[in-house]
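Structures given as structure tokens follow.
Note that subunit A is present in both complexes that follow, paired respectively with subunit B and with subunit C.
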Partner chain A sequence: MSGLTFRKKAEPEERLDLSPLVPARLAGLAAKDIAALPIGLTRRGLVVDDVFTIAGDDPAAIRFEGGSHRFDRIGEAMAAGDITVDGDVGVRLGRAMAGGTITVNGTAGDDAGSAMAGGVIAISGDAGDRLGGPFAGEMTGMKGGTITVGGHAGARAGDRMRRGVIAIAGDAAGDLGSRMIAGTIVVGGTTAATPGRLMKRGTLFLCGGVDHLAPTFLDNGPADLLILKVMADAFAEGAVGPVPFAGKMMRRLGGDTAVLGLGEIFLPI
Partner chain B sequence: MDRAWIDGQPATSDEALDAAAKLLADAVQPFVGGLRTDVAGLRAAFALAKDLGAIVDHADSATIEPFLSALRDGGAFLAAPAEMRRRADRVLVLGDEPATIGADLLTSLSTSEPDLGVRTRGSGRQIMVLGTVAGPVEGHDGVTRIDCASDDLVDVVGMVRARLAGRPIGEGPLGGTTIATIAEFVAAAGFGCIVFSPAEVGALGSEQVFGLAADLNAETRCSTLPLLGSDNAMGAALLSTWTAGFPLRLSFGRREAEHDAALYASDRQLSGAGEADCAVIVDALADGAAAAAPAVALPAIVLAADPAAAKAAQIGFAVASAGRDHDSILYDSRFGSFVGQTAQESSELPTAAAILTALAERLGGRVADAA
Partner chain C sequence: MSGVGETMVVNGVEIDDSFAEAFPMAGTAIEITAINEKWALEAARSMTGFATSVIACGCEGGIDRLLSPDETRDGRPGVRVLFFSFDAGGLEKQVTTRLGQCILTSPTSACFADFDGEETIDLGNAIRYFADGWQISKKFEGKHFWRMPVMEGEFLCEAKTGITTNGVGGGNLLLMARSTPQALAACEIAIEAMRKVPGVIMPFPGGIVRSGSKVGGKYKGMMASTNDAYCPTLKAVTRSELTPEIGSVLEIVIDGLSAEAVADAMRVGIKAVTDLGPVEGAIRIGAGNYGGNLGPHHFHLKDLLP
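Let's look at the complex of A and B:
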């Protein structure tokens, strides 16, 4: 058996809902049934066959050859298996996923990893706004799992995050970790104003410094904590990989005292 | 008087409706926007959008989005202006926008006193403004102003919350003594009121302000008066919620309404950066307070109270102005509700609702066939 492959025929003229193309929903379906699945978002009623050429037969390992910023909801609610995208993806990548792995060799739109509960999302390029956050009206964002971003992340990454890890190699845009409840975010590049706004608990490692911090974060001084080494070692062995704060002293700040104030931000010294 | 145009040339209403129906029937992803009209116009626009499978947004929804987002995510203590006028003994005004978009409200609060409730009756009213201008209430009795830049508001409100809760505060835009003064001002209220513009502080900032009101309610009473840049957009968002289950920015592409505040935003769709390939734009209000109209990169059917705007469109209809030329129901934030408005003038022009309904009737069969 070879991995099930969806080869893009041409750039789609409308956004596509690719949430049906996850391992659990494709298992046991014949190629002609997969080709007939509706994925369009307009009254035209596009199906898989209108956009993709299908090859392979193993739904546990799905590959998209060619991406698009209109390929929405890839890997939504998936619980196991692998999805690889050679190209860009649209919004809500891996939303509410519970397990498995999604690898994107390109950029991702808004709401990637929104409310995910487990599994791994690896994005080689940039990610849009609200990475690992809640969707409109939801009480919590990411509840578990790991997200890695090779490029930059948009505004409010980790909003209302409750558990899990987000690692951003590049810069983070405004209001990183807003309203965070728990969990860990590591940023390699610089972080725009104002990280951790209204965070109750949780940990932000801002390894490239920060533009502006709210006055409701208080400096606790340099920290050469054993836990930093333990975390760095654990990240290096897992899905996150080596982190920039490994082996370094960091300055610890506590906040946001506007709310509970039990969150922490680590900055380079 | 001409009432309809095709490519800038006068046409009969029937010819223009036929041309508009053909344009919409051939479109893959129509957009229904503007929505500057009354409740009847909105109902007709939503009915047409459902038939078409269209994306829907209001021209000014960007000004209310921060409020809707904060309200939905965290809840809020909200009051009506008339109630605050009679109950609030202390009013905290945040930022510079209230001086312009809330000038009438500030004037009304500064020239009245609380007369309801044992906690506040007869105690007079004090107003504290945190901003660079106090606008119409500058120098009035009982009005103090603390200089604070718009960009610093969210930090300052956070510091006040920390101070009230007895948690530590770092160095901020205002000193510790000033923060203590603000905290004591709101904490000593019998019934406090916070006036602010959600668009000025953003969604997260609005949540900070609503959080302050919630904190204060543990010990005393406090509510908020968020000033919205566009009452009409708020009315459209409310109608959208009771019609489709979501506030604005939604799509009927798959029949059932789907909500996404970013993907279905008016600017994104009309600029051609989105997926829409044809637009219906309703601009039927006399107040002329529309946000700067975005460049429309799509073939557009325009229903406008301003005949020049209708004539400039690919297909245009001159329509009556809601609330001026015909009796209308419009949202009014002074009441926190929809209010009937009697026509001030008589007009021969059709209403936006009538044109939209005629368009939907013409399309009925063809759209159903295409689906």
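Let's look at the complex of A and C:
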């Protein structure tokens, strides 16, 4: 068996809902049945065959050859298997996923990893706003798993994050980790103003410094903590990979004291 | 004791046709690290103190081996300690009490799980409330840690550790010599060899027990009493297992995470004693049992000969 491949025929003229194209929902379907799955969002009624050429037959390993910022909801709620996208993706990448791996060799739109509970999302380029956050009305964002971003991340990454790890190699836009409940976020580049605003618990590593911190974060001083090495070593061997705080002395700030105040921000010294 | 039949002789050392009778125990392994080997050992020795016999101490514990920095989770020197008890509940109670009093308190220490088992017992989960609300839970890469602020800095402890219910307690060797110095020399060389076997501990002081016991006693409530059959001063007045030339008997008790580990330890111990020979060491090797009706693990000495 070879991986199930969806080769893009041309740039779609509308946004597509690709949430049906996950391993569990494609298992056992014949190629003609997959080709007939509706993915359009207008009354035009686009199906898979209108947009993709299908090859391969193993739905546990899905590949999209060619991406688009109109490819929405890829890997939504997937529980196992692998999805690889050679190109950009739209919004809601891996939303509510519980397991498996999504690899995007491009950029991702807003709400990537929203409310995910497990698995790994690896985005080589930039990610949009609310990475690993909740939808409006949801109590928690990301509840587990790992997200890595090779580029920059948009505003409010990790909003209401409950558990898991987000690693951003580039810069993070405003309000990173806002209302965070727990979990870990690592930023390699610079972080825009007021990260961790209203965070109750959780850990932010802002390795490239921060534009501005809320005054409700209080300086605990230099922190030569064992957990930093244990985390760095574990990340290096896992899906996150090497992290920029490995082997470095960091300064710890506790907060946000506007709320519970049990969160922490680590900054380079 | 029973099963003493025809003896075998290896390098001048008589070996009884007997067996050690051992029992299933719940066991676990923990990795203790510190800023240097000295403090890792201080913590480990403190935690495994007063853990010689499960009957009176609640558990049996000891140091399995030293861990080099490249073997430990945090890259510091460490010690692997093992604990055994009758069941998982008893094991957890002992381990967490000792963790809180001996590892949490020891400067620069950290504590990690060192056994993968389907069943688990609490480590940091059980003592985190000492941090009085300032404890921090961190879950990453499939592991769960508790960070507890302490006056020295921060105590890092894994939340749980795995256990086995296939551990074995009570493997043993009885080393009989003409004199106490010779019995001690035989034991010391055996212990040195047995400590190189992974997954076992010899929980008594220095790995050696001089007051081996039998089950029960003449006084009400005594769970164990002196093993008069192997006491040299009682040779003429009790049903002694000792021949006239034996002047001292020392015992090595072995607990292991598996029956194979206990057998391996007994095997290398016997080899070390027979290599030493009867002039400097023991003239006879035996093993303690209860007739074979109590413990499911029977380690026959004849199967463990070098």
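Note that the second predicted complex is superposed on the first by the 269 of 269 C-alpha atoms of A that agree within 3 Å, B and C clash if a C-alpha of one lies under 4 Å from a C-alpha of the other, contacts with A are read in each partner's own complex, and residues count from 1 in each chain.
In this section, contacts are C-beta pairs under 8 Å (C-beta built on N, C-alpha and C of every residue); 3 or more make two chains touch, one makes a residue touch a chain.
This one's a predicted model, so the numbers in the text were calculated from it and none came from an experiment.
Participant: Let's test your reading of the overlay: on subunit A, do subunit B and subunit C clash or fit side by side?
Facilitator: fit
Participant: Which holds for A:178: it touches subunit B only (first), subunit C only (second), both, or neither?
Facilitator: The first partner, subunit B, only.
Participant: Look at A:262 in the shared chain and tell me whether it touches subunit B only, subunit C only, both, or neither; answer first, second, both or neither.
Facilitator: After superposing on A, A:262 lies in contact with subunit C but is clear of subunit B.
Participant: On subunit A, which partner's contacts cover more residues, subunit B's or subunit C's?
Facilitator: B
Participant: From the CA centre of subunit A, what is the angle out to the CA centres of subunit B and subunit C, nearest 10°?
Facilitator: Vertex subunit A, arms to subunit B and subunit C: 130 degrees.
Participant: Applying the touch criterion given at the start, work out whether A:249 contacts subunit B, subunit C, both or neither, answering first, second, both or neither.
Facilitator: Neither partner.
Participant: Give one of first, second, both or neither to describe whether A:27 is in contact with subunit B, with subunit C, with both, or with none.
Facilitator: The answer is neither, since A:27 touches no partner chain.
Participant: Counting only touches as set out at the top, which of subunit B and subunit C does A:198 meet: first, second, both, neither?
Facilitator: So A:198 only meets subunit B here.
Participant: For A:43, decide between first (touching subunit B), second (touching subunit C), both and neither.
Facilitator: Once the two structures are laid over each other on A, A:43 reaches subunit B alone.
Participant: Please give the least Cα distance, whole angstrom, that subunit B and subunit C reach in the superposed model.
Facilitator: So the smallest C-alpha gap separating subunit B from subunit C comes to 14 Å.
Participant: Need the overlap of the two footprints on subunit A, from subunit B and from subunit C, as residue ranges.
Facilitator: No residue of subunit A touches both subunit B and subunit C.
Participant: Considering the complex alone, what residue numbers of subunit C touch subunit A?
Facilitator: Residues of subunit C touching subunit A: 73-75, 110, 134, 136-141, 143, 145, 147, 153-154, 156.
Participant: Which positions of subunit A touch subunit C when the two form their complex?
Facilitator: 163, 165, 182, 184, 201, 203, 224-227, 229-231, 233-235, 237-240, 262, 264
Participant: Along subunit B, where are the residues that touch subunit A in the complex?
Facilitator: 28-29, 52-53, 69, 72-73, 154-155, 157-159, 161-162, 165, 167-173, 204, 207-208, 211, 251, 253-254, 258-263, 275, 367, 370-371
Participant: Which residues of subunit A touch subunit B in their complex?
Facilitator: Counting only subunit A, the residues touching subunit B are 13-15, 40-45, 70, 91, 110, 129, 134, 136-137, 156, 175, 178-179, 194, 197-198, 214-219, 256-259, 261.
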